[in-house]
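One structure follows; several queries about it will come next.
Letters A, B, C and D mark the chains in the order given here, with residues in each chain numbered from 1 onward.
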Amino acid sequence: MSAPFGRRSSVLLSRRVVGRYVVLGTADELAVAEPGQFYMLAAAERWGGGEGERPFLGRAVSVMRVGDRGLLEFLLEDVGPGTKRLCELEVGEGLILVGPFGHGFSVPEEPDTLLVGGGIGIAPLVAVQEAWGGRALLGFRDAGHAAGAGLFSEPTVATDDGSIGHHGAVTELLDRELAARPRPVYACGPPAMLAAVNERVRRHGVPSELALEAPMACGFGACYGCVVATVDGYRRVCVDGPVFNGAVLA
Amino acid sequence: MSAPFGRRSSVLLSRRVVGRYVVLGTADELAVAEPGQFYMLAAAERWGGGEGERPFLGRAVSVMRVGDRGLLEFLLEDVGPGTKRLCELEVGEGLILVGPFGHGFSVPEEPDTLLVGGGIGIAPLVAVQEAWGGRALLGFRDAGHAAGAGLFSEPTVATDDGSIGHHGAVTELLDRELAARPRPVYACGPPAMLAAVNERVRRHGVPSELALEAPMACGFGACYGCVVATVDGYRRVCVDGPVFNGAVLA
Amino acid sequence: MIEFCGLTLRHRVINASGCFDALAGARVFGDRLFDEFPFAAYVSKTITLAPRDGNPPPRLWESAAGLINSIGLPNRGLGAYLEDDLPALARLTVPLITNVMGSTPAEVGELVAALEDRPQVRAIELNVSCPNVATGLDIGADPQGLEALLEHVRPLSSKPLIVKLTPNTADVAECAAGAEAGGADAVSLINTLRAVALSPGGAAPWLGGGSGGLSGPAIRAIALAQVSAVARRVAIPIVGMGGVGCGRDARELIDVGATLVAVGTECFRDPAAGVRIERELEAAFAQYAG
Amino acid sequence: MIEFCGLTLRHRVINASGCFDALAGARVFGDRLFDEFPFAAYVSKTITLAPRDGNPPPRLWESAAGLINSIGLPNRGLGAYLEDDLPALARLTVPLITNVMGSTPAEVGELVAALEDRPQVRAIELNVSCPNVATGLDIGADPQGLEALLEHVRPLSSKPLIVKLTPNTADVAECAAGAEAGGADAVSLINTLRAVALSPGGAAPWLGGGSGGLSGPAIRAIALAQVSAVARRVAIPIVGMGGVGCGRDARELIDVGATLVAVGTECFRDPAAGVRIERELEAAFAQYAG
């Protein structure tokens, strides 16, 4: 389904803090987003004037939850001036929506698909699990971030500092699961984690869908700024992804 | 008295709406401002991202009221991205203060000095009247702005649309007063009003002190951007003014 | 209706090359993008003779009220453009302007000649912000070189030739005069200003291409200065661009001498910027008599 | 302690010419400004042979993350500078660098020679962003012209000569090389970029001077590109400036090759910016090894 053309003004309908993350709720009557798709978000007022006189461009944010009547939820982590401004938005303040964009996750062939998420990368997997189920394996830096696991049903958690769940990398949880029963893997997280996941799915020869991140200016294929190296050369993450078959990544 | 060096972080202590104006209250422990002096003000957060990706520089704002323990009040009118951001500040939000700057009004020789204010230009005259008294003649566009007259004791008001007080220019009120009894005039307001006031004080040969405005980048004599033409050539409004003897203005 | 180099355009607002991709747009927004095309003409991304991969990522850096890009002109080359893109672009409801770049007059000539028998291509924009292999400077930064380039290319094309000037020069008006003397039908400016960004973590360059080009509101006042300087110097029409984000910005470029206004970086913030800015421009015209 | 052209400076942060006035500052902030001077050296505003009134107001326009100024180099002329300013500046606790501008080599020579017997003046910055009366271009935009200028001036002074390059050129590194070849001890860059602003109400130029120069964060990425290009080309030390607002910005200019960093527009937002940025720079150095 194609995205509505142009940017739309919306308002923040809800805001709640989940550990180190903020969940923002808004509505988009014009579109129904699929798991793995994203919007380019900006505050309607005072988008700018932060660190380095930024933000200026919209920020790519994954759809975390799609409800009835166009209700949308996003998961944000303050990592810079753009996400800081979005995290500080108050209910009732204006939000600018452009999207939904991107090629999302496909309907899993297998109900028990492994959903491997790292940090803020868990956001699109919440949408996946709510739509199609799946077994969530989640990695976080510490307990403050691990609070994000509460957005999933029956997640298995790993933390770098061992404060909660398995002490170590989420890929160790993945190893166990794949050893027990090889099956498809959907993943989203930091580049290093995705590389480690891709190494494992290749080793086990299981299908995989990896949601990538890249600096983005437009989100709809206009700027060619968001490319990632694939076996067929550079591809735009915003239109050819963000979800890629792990096998095509160079 | 010299100004504290550098900018200081303060917070907005009070905010109230007066017709089309907003009165902002804050505190500056380090300095005591004199009537006619001004500060360069900026919001601590999100100063920027407004119309035209502005504001960027601080905004010159006259001291309207100086209270005990460094309490300060400013009068603002939303005329662009800088004053808009300041007018929208909420109590408790951070404010950046640089100042107080400028050469203010001198202690009047005469208790019944005429204080002629136009629009937002009334702000420094509030400080003058509270410090030394004086008879306030105030001109406004309409009733919404004329609410600012409430900041004075026993003001005489003129409005362009006649909705309140004398229907016409404040200079007509000035003519009556000067005809009745020539005496010193302190004035602040739009350029056209100040020119008309200056023409009258010259005709009546009375002393005058006029507070000028000019686009300012620094406020402390560094940029040479705020000059006004005087009989001795260009002078910097921020350090040689903002208050000038009407006789020296070219 | 606006007359520009023999083309009749619906209004004055077009896209800046490389900032709007009609084919990707149709994939994302649907085919109705062609029916409700946001610009009065469609300017293609720069096409080169041979295919180019473009620069390694990262290719983008957000700067103060601006964007630095180091895309590196990725494109599938002239052949694929003629075979695949032109047919796909047949659905366009506005005139097509093809932007080309070559590193020598011969290369530019080859590109221009190859478009000659394609009536679909209504005008050609020559991107001369190509580093001269010898000096490393943009070939467009040298007025004499520009005049010579145009003298070589002009006879090879019956189509309007728009020279996309580089702002990285001491005297852009002199460059425009060189292009005009060589036979250009119009000039467009400004292209991006040479800029560098460093990685947050350390002293290394952030952009895969090493350096990049600055665009967006940060450069708008520079664009106004360069467009007005060029307008005072040449008689041919000007496509003004650089930091245009609203109708008033567009109006100001027209005030200083532009005939058309191109929108670049703002398209990224608002895909429908062309529609909005054209509407705002009407209002800006109404607001005050220039 | 930093060594720069034979001067020993307390740290790497100085003011940009025309952006901090020590004498006005002392009037406003009191004499203790001299004792706690915010910069490691004080660079004067540009001095010319004859007094200049400067441009008619308005002289300032705020642009996106930047400032456009058209001040017009007001100053009371060389005579008044020698008689009044230098004695008043005797209270300085940091080295004094005097910035001068002339429209011909002869004029520049006269200015430089007049400072020769003033030990108080520790170095001279030559502002070559002066429009050439013939071409209208900045005299500093022409590498050969710069080399010739330096060859004329160099013998007239035993003091370090810092050439303040103009960014309004195709190849700033070539200009720096010209200055170096002519005998410059250092170069400083970037000066402001030519820019225009129009009145909100209509199409007329806003600035009394017609056009102006853009400074501030908007140009920082351009400054990084030009400083790194110059550093790759010349061996003499570089004073980097352009949009520096914090220690990290200063650190980045040093990363690409600057020895000193000058703070301009940010002084207007924070008179004590020099102190803050020097402190932040220490932290930025600590944060990562360049």
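The rule is simple: a contact is a pair of C-beta atoms (placed from the backbone, for glycine too) under 8 Å apart; a residue touches a chain by one contact, two chains touch by 3 or more.
On a predicted model such as this, the values are computed, not experimentally measured, just so you know.
Asker: Among the other chains, which touch chain A and chain D together?
Answerer: Both-contact set = B, C.
Asker: With chain centres defined as mean CA positions, report which chain is farthest from chain A.
Answerer: With centres defined by C-alpha atoms, farthest from chain A sits B.
Asker: Contact counts by the stated rule: is the higher one at A-C or B-C?
Answerer: Top pair by contacting C-beta pairs is A-C.
Asker: So what's the Cα centroid distance for chain A and chain C, whole Å?
Answerer: Chain centroid spacing, chain A to chain C, equals 34 Å.
Asker: So the centre of each chain is just the mean of its C-alpha atoms; given that, what is the distance between chain B and chain C in Å?
Answerer: 47
Asker: Using mean CA coordinates as chain centres, what's the chain C-chain D distance in Å?
Answerer: The answer is 34 Å.
Asker: Where the CA atoms of chain A average out and where those of chain B average out, how many Å apart are those spots?
Answerer: Taking the average C-alpha coordinate of chain A and of chain B, the gap between them is 52 Å.
Asker: Of all residues in chain B, which are in touch with two or more distinct other chains?
Answerer: 48, 52-53, 55-56
Asker: Chain C: which residues touch two or more other chains?
Answerer: 61, 63-66, 216-218
Asker: So what shape is it, when you link every pair of chains that touch: line, ring, star, complete or other?
Answerer: Graph shape, chains as nodes and touching pairs as edges: complete.
Asker: Taking the complex as given, what residues does chain A use to touch chain D?
Answerer: 52-53
Asker: Which of the residues in chain A end up touching chain B in this complex?
Answerer: For this pair, the touching residues of chain A are 45-50, 53, 55-56, 85.
Asker: Mind listing the chain D positions that touch chain B in their complex?
Answerer: 18-21, 24-25, 27-30, 32-33, 36, 38, 45, 53-54, 56-67, 69, 71, 74, 216-217, 265, 267-272, 275-276
Asker: Would you mind writing out the residues of chain C in touch with chain D in their complex?
Answerer: Where chain C meets chain D, its residues are 61, 63-66, 68, 135, 137-138, 141-142, 168-171, 193-198, 201-203, 211, 214, 216-222, 224-226, 228, 243, 252, 255-256, 288-290.
Asker: Considering the complex alone, what residue numbers of chain A touch chain C?
Answerer: Residues 2-7, 42, 48, 52-58, 98, 101, 214-229, 233-234, 236, 239.
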